[in-house]
Amino acid sequence: MTVTSPISKPMQRFRSNRRQRILWGIAWCALLLVAMILSPWVIGDDGLSPVLVQRNQPPSLVHAFGTDWLGRDMLSRSLHGMSLSLRIGLLAAGISALIGTGLGLAAGTLGGWVDAVVTWIIDVFFSLPHLVLLILIAFAVGGGTTGVIIAVAVTHWTSLARVIRAEVLQVNSSDYVRLSYRFGRSPIWIARHHMVPHVIPQLLVGLILLFPHAILHEAALSFIGIGLSPHIPAIGIILAESMRHLSTGYWWLGVMPGLLLLLSVKAFDWLGENVRSLLDPKTSQG
Amino acid sequence: MLSISNLGITFTQYDQGLRRKQLTVITDLDLTIQAGEVVAVMGASGSGKSLLAHALLGILPDNAQLSGTMEFQGEPLTPKRCEALRGKAIALIPQSVGYLDPLMTVGRQVQRVGQLNGLSSGAARTLANRTFARYDLPPTTRQRYPFQLSGGMARRVLVSTAVLTQAQLVIADEPTPGLHPDVVTETLNHLRELAREGRGVMLITHDIEAALQVADRVAVFYAGTTVEIAAAEDFARGNLRHPYTQALWRSLPQNDFVPVPGNQPSPENLPVGCLYRDRCAWVTSECEQARPELRFVRQGWVRCIHAER
Amino acid sequence: MLKGEGLWFRYGARLPWVVRDRTLSVLPGEVVGLMAPSGYGKTTLGKLLAGYLMPTRGRVTLNKQLLPSRGYCPVQLVFQNPELSVNPRWRIARILREGHPPQRHYLDALGIYPGLMTRYPHELSGGELQRVAIARVLNRNTRYLIADEMTAMLDANTQALIWKVVLEFACQHHVGVMAISHDRPLLTRICQGHTIKLLIDSIPASLAKA
């Protein structure tokens, strides 16, 4: 009865410190994104001017992303475009998160008709095709950078508002909050000490996961031509231009900026998932 | 049929920031269950009852490590084998309807258990109907959703899920708290019946009365160790061996209703020597030397060096 | 005296009644046991008396006045499941401070040692957590205590310990206790030596006389 033998080899295998790995991952993603945003100021505008002798070169050591039909360096163009897209995405997602939090909190705490109205607006937004709505709003406010920001900002808050409303309702009906009322705590005290700490992690994760949506939609609007003006190197415009050249064999004009867009969206997605797994006490121990 | 000896479970947890610590929650856990027998596993919360069930079902979290031996029907029980046997040879009767799918009728869920055990959908349905009839559940029960069941009906539905399997070992996790005494008796009778069919039943509970009502043997856990395995009759007969079991028995409202002072030690600072020594009336300097081995005293197993008293 | 008069309750105008015409009272220093079959609405009754729910009809009075809606409620309810009645993101010390900080000797009596203070609820066993939840309400401002299956999830030893402390507290401060449980031996035991009012399977009319 005293013989001790391991039951499970696989479960005892050495595991590197998961929390450490996640933190490194978060750091790398954040670094990558910050680098992308700041890159235009680092590399300067040189690559944006046409050099006609270097037209249509495939990717090489000198031009990692190749050059376009005017001899412009695609790497500089893509980075400039990506940086702009990220900045617009951040701004739009930030505004969206503010609207979402405000309305979600209002719906959850005030209840009654406020809740009904907010839920109704959310339902309306959900029932309309997202891209159509984006195009309509961007068009209605006159297009351009402002148009894109407004359109993206006012259409992305709904899912976050819904999550926050649900969280607030859940916490509000929990035994411990109701007990807090019976202990004589005021609604404001309860909101500050019970609600806010509960909602902030949700907000943070929701905000991070909003970025990729906002960026993709900004790119989509520019792609179809109602976003930024054509001479600004936005990622959507670069991709739209490349369409005309893809059939002629200049694959790098679309593939390389596309990969860059994919990479940054994925980085945000990964960042959000990992921040979530760290903040959630249920998964943070694994 | 099931034999567990010197089982240990250790968790790797994050302390502050990035430091990790090892937390041994279960040390030296022993238990055997024969076919046709109901064994109650009893102890305070935090004594390791539920973790044992999780280990048997292979649903411990990833940061857990096992040591010791678990054998089921003569073969070692590895996490992989647990997974293969789960829901088939080893079945769980969950604590509440909260463990059922709230969006599926109970009839379909019970039927699905049969199908997962290799029956055709027709055969599974017939068997499900027969099982419901056996437990006096009206035919309309099959169309109900979990939230529409009363406490007693819910218990019978949960028992049905285990009956439908060919499980040799049935684990019932805390089936009694907060239920009306009649429902408790009914639930326990169902467990007895499962044992009569030749299955082994492990009843996890903190309710001494319920355990004694139905169990053949009672294993008492304390701070992650088995301190005593006694026959159910030993309680009323005053033939208990371990001071903790005796204290538990005395603290029942129908007995003395007197608690033992002190706390079950937390896994973070388990004392050297006997785990119960800081609350024990029999403690001597020998108790501080080493953890007592499980010994056979007066027809039962006990982990105490003074058990002959 | 804490009194519920002609209490009716349902969750919505079209939903069935959960509590129908119940009248009952608890005197200061008295221990009342309530044991009734499922469907009696015991838990809802407890919530009505503690002011967690407002009765659809009837009223709950404390010394002939309605329960205060602000400030520390003199009627406190202890739930069956301690995991739900504490904020999972708070440390134990903060949880204990939320009401009126409990007196040192109650903490000692309940076996809440200083090492627990810096931990989070999920690091405690159910028994330890329930003792924390109970320590929160053991203060002079609690005049009535409603214990809804307070120890149903706990082992016999912890159950005996908790009730010993709670009954001592009730006796010392002249606090009225209503214990809701399915455990007949337990209710018989804790009502001993007090005004016994064991409402087992009783009909509303007989409660009204109490």
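For this structure, a couple of remarks:
Letters A, B and C mark the chains in the order given here, with residues in each chain numbered from 1 onward.
As a convention for this text, a contact is a pair of C-beta atoms (placed from the backbone, for glycine too) under 8 Å apart; a residue touches a chain by one contact, two chains touch by 3 or more.
All figures in this text were calculated on a predicted structure; none of them were measured in a lab.
In this view the innermost chain, defined by its CA centroid being closest to the centroid of all protein CA atoms, is B.
Ranked by the number of C-beta pairs in contact, the top chain pair here is B-C. Distance between chain B and chain C, defined via averaged C-alpha coordinates, is recorded as 29 Å.
Each chain gets a centre from the mean of its Cα atoms; for chain A and chain B, those two points are 47 Å apart. Counting partners per residue, chain B has no residue that reaches two or more other chains. Per the touch definition, chain C reaches chain A in the complex via residues 50-52, 70-73, 76-77, 79, 81, 84-89, 98-99, 120, 122, 136.
Against chain B, in their complex, chain C makes its touches with residues 37-39, 80, 111, 113, 115, 125-128, 149, 152-161, 163-164, 182-186, 188-190.
Taken in their complex, chain B has these residues touching chain C: 42-46, 150-152, 177-181, 183-184, 206, 208-209, 247-249, 251-254, 257-264, 266. Of all residues in chain A, those touching chain C in their complex are 174-176, 178-180, 182-185, 194, 197-198, 281.
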